[in-house]
Amino acid sequence: MIERTTVIDGLYQDLVTIRAHAPLVHNITNLVVMSQTANALLALGASPVMAHAEEEIMEMVRIAGATVINMGTLDAQCVQRMYLALKAAKVCHVPCVFDPVGAGATPYRTQVAQALIAAGTPMVIRGNASEIMALANNECGTKGVDTLFESDNALEAARTIVRQTDHVVVISGEKDFILTKEQEIMIRNGVPMMTKVVGLGCTATALIGAFCAINPNKSMASVHAMTTLAVAGELASEKSAGPGSFQYQLLDALYNLTFEQLAGRANITFSAAVNFVV
Amino acid sequence: MIERTTVIDGLYQDLVTIRAHAPLVHNITNLVVMSQTANALLALGASPVMAHAEEEIMEMVRIAGATVINMGTLDAQCVQRMYLALKAAKVCHVPCVFDPVGAGATPYRTQVAQALIAAGTPMVIRGNASEIMALANNECGTKGVDTLFESDNALEAARTIVRQTDHVVVISGEKDFILTKEQEIMIRNGVPMMTKVVGLGCTATALIGAFCAINPNKSMASVHAMTTLAVAGELASEKSAGPGSFQYQLLDALYNLTFEQLAGRANITFSAAVNFVV
Amino acid sequence: MIERTTVIDGLYQDLVTIRAHAPLVHNITNLVVMSQTANALLALGASPVMAHAEEEIMEMVRIAGATVINMGTLDAQCVQRMYLALKAAKVCHVPCVFDPVGAGATPYRTQVAQALIAAGTPMVIRGNASEIMALANNECGTKGVDTLFESDNALEAARTIVRQTDHVVVISGEKDFILTKEQEIMIRNGVPMMTKVVGLGCTATALIGAFCAINPNKSMASVHAMTTLAVAGELASEKSAGPGSFQYQLLDALYNLTFEQLAGRANITFSAAVNFVV
């Protein structure tokens, strides 16, 4: 098993690296969260770029440390652009993170999401329980973009995706799970207020992109990103009177996050040989 | 006449219902306010979804409690999508709310707005005075998306629309008016600071959607939504040093709104038999 | 040389005029900053409108005090719309401000930006050092939308553009420069935190539009806009714990900005006959 202090050291080292090098994170994301995502990446220390023109996607992905694709406000044009980014990521060996927003809510979303993860580009997939279940199983439903299930309920679906695709799968929720073929990791941080602000799932996905840009171990990069956001969320909620103040406090907390705050709060559990039983 | 306490009780009951059931509110809205609208719906207790792909509009409206269409950043594609949402709302008997942003500013906007309200789907229309006047009369002008008139000035225009279409019409301004064939209701709440933040009209429209999702009486749902936002605006402005802090305070106020705050501030006047004379 | 008090008086007079008359500022801007740009224009006292439909651009520019075009999230459709706005601005003699976001990051961006500034509409161009250098010289690179150079490094590039096009060029950075054929002006205000929030360059561009709407001297309007934003940034940073609180404090500071604050902080240097040597 991995020592807790080793994990925290690795996480903080990644954060220091991001702050020092400001990796470029390319995003094709939804229209609702563009501003928030860019601000969260900046607060973390990364350098966000939002660019979706067919004429420049290949070039933009090539110079980026990671590319993040998010289908929140998908349409036919957006889907085509996401495919171009996937293709560029594969050709240029740039890490790719995918957010299947609302998969399961409509057949269109489910089909697009399933096709994107099957397109042959290695990726980290981050979704809520409903979304991950929809990716593995057409018959699951969600309510719009909000989940109807606990993250535990999606573990089997996530394992199916991991087995079939070799992608890293992140299920976010009250507990976050990061799954690979070799390992399953659980994070128990964060606060309910994080569901009262739009797009924090999308923010989590983008932060995974930032950590993947500087850490070649995608599952550990995902653990670091999810822990960073969840701990910042805890800190922010303690200073917030509601979702409005929570939003700005979260950016302040990301920007000011210290080793002590991470070490004092990170609640990460590794399951080496045996998977989590739920 | 309706007793004031009955109105406040009904309003608060709706708020409790929204918070308990988190109705799904589908939005095809403008690019400027998407994030703010979603956050306001979340702060209220509703579950927002922004989705505009032709491939899923019918499905998304069908599972929603209400659909909100807003033409703020309209173009030909957006107009087509709004028609699809209107059609879906009619077929699926889902309440529909329409925001004719900037009607009157250009002939294109006026024509699109007039065509949408004539398309045969029952709706609540919420606009400022200039917009409502433009819907009833091509010859009125506005300055971009801001009104040049007091809401009282648009009462005759609103009555014309109500008579011709049977839609519910909401004129927002220093005084808000909600008009049906049977009744006119005036709300005197809110603060000037609400005009110093972009998109609070759009937010009002979206909140009407949330209340319509759980209250079949569209005019009362509109009264409840407009009062909720205006009272939250009053509370927020008392804690704000400017439009920046007002924005987050408004979300906090919506999230924390109590019966006492509503009862202590709501200023609603019903005109049963006789219309307001202005 | 111009007296400092004359400059401050002129700046404050412009601010008073904007607050009194709320000039309409038309924007075709990127999807990331739309909301922020609109809120900054409102906080300043202007009236923003975001409209990009081919069917109404000519009409919207015609009734506007200025038009602002920003290529942050450009694609083929967006480029076509920006050309229409440029054409309308020329025909209607409406001041035009252009933000070449990310010029230099990809060949596509550089080519589009160069073509737009060569299209024959007089304009103010505001960019960071990398962007201005890319406009003058294809061989310069940037990292996404962030600059790799100090603003001083772009002075020669800016002079080349000014000579070739007669546009006013604004280079923003730790020092801001405003260049015309006759004069170069330097502003030393602002704080590093302004680079930790997405889109403050775009906000600067939009504020130039607001000042150009009421002041026919485009270079002085640019000086006034850049100084206003930079001084507001200083005030905001003193009350902020991070980029989240900075964002709302900036809007509050713009809204409440006083003559005393401007007079006490504005650091503007004019170079009449001789250019700044760097």
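Here the chain labels run A, B and C in written order, and each chain numbers its own residues starting at 1.
Methods note: a contact is a pair of C-beta atoms (placed from the backbone, for glycine too) under 8 Å apart; a residue touches a chain by one contact, two chains touch by 3 or more.
Quick caveat, the model's predicted, so the values are computed rather than measured.
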Pairwise touch network: line, ring, star, complete, or other: complete
Shared interface numbering between chain C and chain A [over half = same, under half = different]: different
Averaged-CA centre spacing for the pair chain C and chain A, given as whole angstrom: 34
Chain C: positions in contact with at least two other chains: 31, 35, 247-248
Chain A contact footprint on chain B (complex, rising order): 22, 24, 26, 31, 34-35, 38-39, 42-43, 47-56, 59-60, 63-64, 247-256
Touching residues (chain side chain C, partner chain A) in the complex: 30-33, 35-36, 72-76, 102, 105-109, 143-146, 196-199, 240-245, 247-248
